[in-house]
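Consider the two complexes below, in which chain A is the common component and chain B and chain C are the respective partners.
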Partner chain A sequence: MAQRFNWLRSGRVITGLVIVTGLVLCAVFAPLLAPNDPTEQDILAILVPPVWLPGGDWAFPFGTDSLGRCVLSRLIFGSRIALTVAVCGALGAMVLGSILAHIAGYFGGWVDWVIGRVVEIWLSFPPVILSLILMVGLGAGLQNVILAIILVDWTRFCRVLRSDVMVVAQRDYVAAARLLGFSHWRTITREILPATLPLLITLMSLEMGVAVVVEAILSFVGMSVGAEIPAWGQMIADARADIYSAPWVLVLPILAIFVTVFGFNILGDGLRRTLDTRLTQTERA
Partner chain B sequence: MSGPVVKLLMRRLLTVIPTLIMVSLLLFCVLRLLPVDAAAMSLPPNATNDEIAAMRIEMGLDLPLIQQYGIWFGDMIQGDFGTSIHFRTAVSTLVLDTLPATIELAVMAMGFATVFGVLGGLWLFYARGGAVEVGLDLGSVALLSIPEFLWALFFMLLFGVSLDLLPFIGRLGSGVARPETITGFLLIDSLLSGNMATFMDALRHMILPSVALGLSAAPPIMRILRSSLMDVYQEDYIHQARQRGISEGRILIRHALKNAFLPTLSLMGVQFGFLFGGTLLVEIIFSYPGMGNLMVDAIRNADLPIIQTVGLTYCVMVLLISIVVDVLYLVLNPKLREA
Partner chain C sequence: MALLDVKQLTVSLTSKTSTLDAVSELTFQLQPGKTVGLVGESGAGKSMIGRTIAQLLPPGFAVTGGELLFDGEDLVGMAPERRRSLLGRDIAFIPQEPLSALNPVLTIGQQFREHLEHIGKGGAGWKDRAAAELEAVHLHEPRALLNRYPHQLSGGMCQRVLIAMAFASRPRLLIADEPTTALDVSVQARIVRLIGEMQKRDGTAVIFITHDLRLAAEICDDVIVLYAGRQAEYGPAEVLFRDPAHPYTRCLELAVPDVTGDPRGLYLLPERMPGLKAIADLKGCRFATRCPLADDTCHTQEPGLAEVAPGHVSACWKSFATEGITPPPAPAVAARGSEKILEARGLSKSFVTNWRLFGGASHFHALKAADFIVRDAEFVGVVGESGSGKSTLARTLIGLETPTSGTLQLLGRDIIGTDGGTRDWRQKQMQIVFQDPQSALNPRRKVGSIVAQALEVGGPRLTAEALEVRIRDLLSDTGLSQEMAARYPSQLSGGQKQRVNIARALCRLPRLLIADEIASGLDVSVQAQLLNLLLRLREELGFSMLFISHDLAVVRYLCDRVLVMSKGEIVEHGETEVVFSDPQHPYTRSLLAAVPKGVRAPQVEELSA
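== the complex of A and B ==
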């Protein structure tokens, strides 16, 4: 039982969890935390610098953008879009990718061949290009951003997990389960999935970081949620016009994206290390 | 040596053809989802419904999807990539005008990625087991969390706007003479025409975009080089080399690096593919006149012929890169060469 929570001893996992939890809190309590309405424009307070710079005003702790909107409030509300996309996009990509990976790795043969070819076709698209093309076809909007992320990134799961499944499927206990009369479905879910789960969780954490970046990219080129909803990529795109007069409007959303992605990556890195050793320990036992 | 290489090339080129057909089919179908009437868009706004209907038939939009695809693919094989709805020029001309700029950027960025990746990987490897390693390793996770477009914006702010060290808009300064187009590659053309001032200006314009791209592609290279060096150092021949009194530096360069480089090379191929897609964002940020800007403009104008051709061109480049990497892998790996 003590071993089960080994991962909590990793500094990386803790760091990642702290950052991610902070973000979740920001997103959930955004209306309470944000000092101002993120979409309210104050024409009299345009490009107010943040409080630590001369001319700052505590009414707008992180200053305002070119339309007089509160940067801090927009950052806080922007975390909602980022997290929604991270959770839904990564979850969807994981489900689609790992189902296909388990089918391909378990059954092998022509099924594996077909799935392998599909992955190959997908990988000949640079991810940015494929997601842009999908957004052109699907049209802008939060749901379509999530759908595009799922349709682009399932290959990340499929490629890595497939070889893992193939190794596990060769194990004696899997053959034993089949001999006992387990159905294919039951063998995959009860015998193989528990063994591939650590890798799956690790990939999921990394994918959440990727999803945040993809959403930022899409909203940066104006193909994500509409301009009326605050999103970090959108804030960056808006701030480019004032790069000389108000660099902080550009720097703050950049930092927000970096911290978020770093949180997911360090969490994934920590999980990979701790869960991997757990796997080898059970193997040794 | 040439026998296996030719064989591999033939085999790879043969597998690329079905992949390209599937890629183009996928592109075609996805873009047909777009709720845009290409016929109405290519006519003046005052066109009547009859005229639009006639145009639909002329453009083949009334045919079944698979037949439309057949026509498009057939035209492409003959070198006809259609006409841009917005620019009214052949798409092939537009792509050929912008592709060299993108290739130039991607190649230079990959150069930086290789330098950063190899140096960083060696540093990570040297620091193994020490206290520095933890810091470096955390640093590499942090680097991994910075995508190319954030580097690009950050460099633009720091070196362009604040420090005013390097230019960050376009491919050439406003007063600089453009060399005659020979290859389309600005650096090569300016050298060929002996115009050093233009060459230096083009080079200065490329530093920020290519370093930004290179930095985003470097961390995975660092990490795989470090881990493959670790693997190689477990091998007997390293111990034997040590016992023969060969210096550590020589062991690293002559024995270990040569073998550890092979897994790194295949990853670099993958990274080059990603990086090629990343040029799109960097081009937009630095207003660099390459394929990425062409693509994004085409998306804004719903200019389908450009979008599908540029999309396909990106895929062709990724597939070409993977073939080149496979050939390099074969040339560098004596085990595979004999097989």
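== the complex of A and C ==
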């Protein structure tokens, strides 16, 4: 049992988990935490600076934007969009990518060839352009942002996992399982998947960070949720006009994205170090 | 003066809290031109001496006592620059894995040139010098060889290249760490002869590290038997092998089967050699826990090295009482049935090697029209060098490869390319035990789950209790303790893993086991236990086995009949005793001749390449 929870001892994992848990709490309890309605405009209080600057007001702890909306409340509600996209997008990309990776790596031959070529073609599109094209085709909206992320980023999972699956599939215990009468499906789920799962979890965590950035880009260009729902990318876009007079309106959402992506990345890196079979096996030997 | 003088050398694993000795007070001298053999099971510390000289000790290990004098100079305290100038020049190494010792992305020529530059023989004309060295190790067309890459050569050829490199500097000392363990017996014979020949040319002293007492007795002048980091015995090779003073030497000798002589049982050394931690807690003789002669004195007082004859020392309170250790009687000849379990007719397998869109493809015939029968409760050995098609045969039989032609019948039923029902039936009747338990056991399953894995599919679902009972039976059948069920494979020793591997194959009581080199790579005491386990299991469960091995002595001990394979063909087959005592095919004869027998061969003058 001690071994099973080894990953909890890593400082990176703890740091990542603290940040991510904080974000999840923000998103879940947004209506309770936010001091103001994020969409309510207070025309009398435009571009109020945050409390630590002269002229700050405790009614708007992080100040207001050019339409008099509370920045802190918008940030807190924005985390809902960011996390929804991160979780759904990464999960979807993982499911699609890892299924194809397991099929390609396990069966090999022409199946592997076909999947490999599709991945290569997919990867030759610049990801941002590809997602923009997809958004134009699919139309704006949260579901379509998630779909675009899945369709663009499944290749990351497929590529990395496939080589891992291939290595495991060549171990004798996989052949032994087949010879004991295991079906292909059972062999993959019982013998191969447990070996690739740590890598899967790690990639998933990194992908969540990527998804947050992609969502920010898409909402920056107005391709994500509608204007009535606060999103970090949108906040950045809105703040561009007042970049000199009220830099905090721009800096704060950027900081939010930075902290979120940093949290996911450091969690992923920590998990990689503690869960990756290759690393743990060399330590054991 | 001795070329190498090792005095009370102690190498320990030191940490903040403890000092654990891996080698304790090793003392020996090596004269120029002589060969000393270091023999012992894994963990005995036999590789430590070579690593100490090269200063390549594993992390945490350090020399904590004694001296290591090379031609009067202290190798341990020597300045690094001085050591670097000695290594590769005056002191050369031959590694265990020839393929991994050569850089795969550089040609033989590039690597040879680099080495020649290091030893100060580079510059213009290096090609001629390299070619001359390669010619000296009997490699044909040395100049063409210089342009080739390591993967284009066989293991034996790579080892020759490394020997040529090692001797290019005319070293005074050569350290060969299991140089033939990864090679076939016939290649081994040629390689050791070659080392002997080169040694004679240059007057080089050789430290030959091996686990094979017989091989050491054949080629060494003196042999040191190491046990748990301590010298058990040190003396002239012939004396030590013929008339060992230390019980461990005798046990080692009796634990391996012979290829000649009357059949006898294998001496079973109980348990395992104590690990570094356990050694520190031992009060008396380190071998006492496993020694058949041990009494109270042995358990409480550690014996020192005492001279038992001129030039022959032994660390035992009862030196020369070893006649008392006798091998058990030969295993009873099991009753064999007459039922045909497996029958192969014209079974062949070829691989496409060079496929072209136009101009067809070339084929490699890995298995050429094999005919054989395995009968009820019969153990059939398959011997041959690597590349002879042994493993292809196993993979074809088990269904991992589809044969190109021929028929294969299991219990009278055709089993090639048939429907799912027959496949399930075949998998129940025939199981394989894989060679490498490291790879054959899923590291994420517990032992209990591994051995009962076959019951997860096929047949009615068992209740938790029934499953528990089956696991318990399988573990006790294969001599594993019950608490193993809750462990992971990484927590087991090599021998235990191989038992789990066998237990899994036996789970659904197959009629036929295919075993691919399952006793290789194990220590002799573990190997002896495994072989006896297989014989006992046959008696209890009554299965047949096709036992693939390159070790002829093991096949002779275990198998009723033997198939000799060469280049994909079965060149000879018959009752084991008949084939081994009166081989008909020249290939069988050469295989048998290459097996070390522990007798020093008369000086070989010429060498047939």
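Quick notes
Note that the second predicted complex is superposed on the first by the 276 of 285 C-alpha atoms of A that agree within 3 Å, B and C clash if a C-alpha of one lies under 4 Å from a C-alpha of the other, contacts with A are read in each partner's own complex, and residues count from 1 in each chain.
Everything below uses one rule, namely that contacts are C-beta pairs under 8 Å (C-beta built on N, C-alpha and C of every residue); 3 or more make two chains touch, one makes a residue touch a chain.
Since we're looking at a predicted model, the values are computed, not measured.
With the C-alpha superposition on chain A as described, chain C and chain B fit side by side in the combined arrangement.
Of the two partner chains, chain C is the only one touched by A:171; chain B is not. In the superposed pair of complexes, A:209 makes contact with chain B only, with no contact to chain C. Looking at the shared chain after the overlay, A:17 reaches neither chain B nor chain C. In the superposition on chain A, contact is made by A:250 with chain B only, not with chain C. Of the two partner chains placed around the shared chain by superposition, chain C is the only one that A:179 touches, whereas chain B remains out of contact.
Counting residues of chain A touched by each partner, chain B versus chain C, the larger count belongs to B. Seen from the C-alpha centre of chain A, the directions to the centres of chain B and chain C diverge by 90°, a value given as a multiple of 10 for the model superposed on chain A.
With both structures placed on the common chain, the touch criterion links A:195 to chain C but leaves chain B unconnected.
By the touch criterion defined above, A:220 lies against chain B but remains apart from chain C after alignment on the C-alpha atoms of chain A.
For the pair chain B and chain C, the least inter-chain C-alpha distance in the overlaid model is 6 Å. The residues of chain A shared by its contacts with chain B and with chain C come to none at all. Those residues of chain B that touch chain A in the shared complex are 19-20, 22-23, 26-27, 30-35, 138, 141-142, 144-147, 149-150, 153-154, 156-157, 161-162, 273-274, 276-278, 280-281, 284-285, 295-296, 299, 302, 307, 311, 314-315, 318-319, 322.
Chain A makes touch with chain B in their complex at residues 12, 117, 120-121, 123-129, 132-134, 136-139, 209, 213, 216-217, 220-221, 223, 236, 240, 243-244, 247, 250-251, 254, 257-258, 261-262, 265-266, 269. Those residues of chain A that touch chain C in the complex are listed here as 171-173, 175-177, 179-183, 186, 190-191, 194-195, 277, 281, 284. Listing the residues of chain C that touch chain A in their complex gives 398-400, 424, 427-428, 431-432, 434-436, 439-444, 453-454, 456-458, 490, 504, 507.
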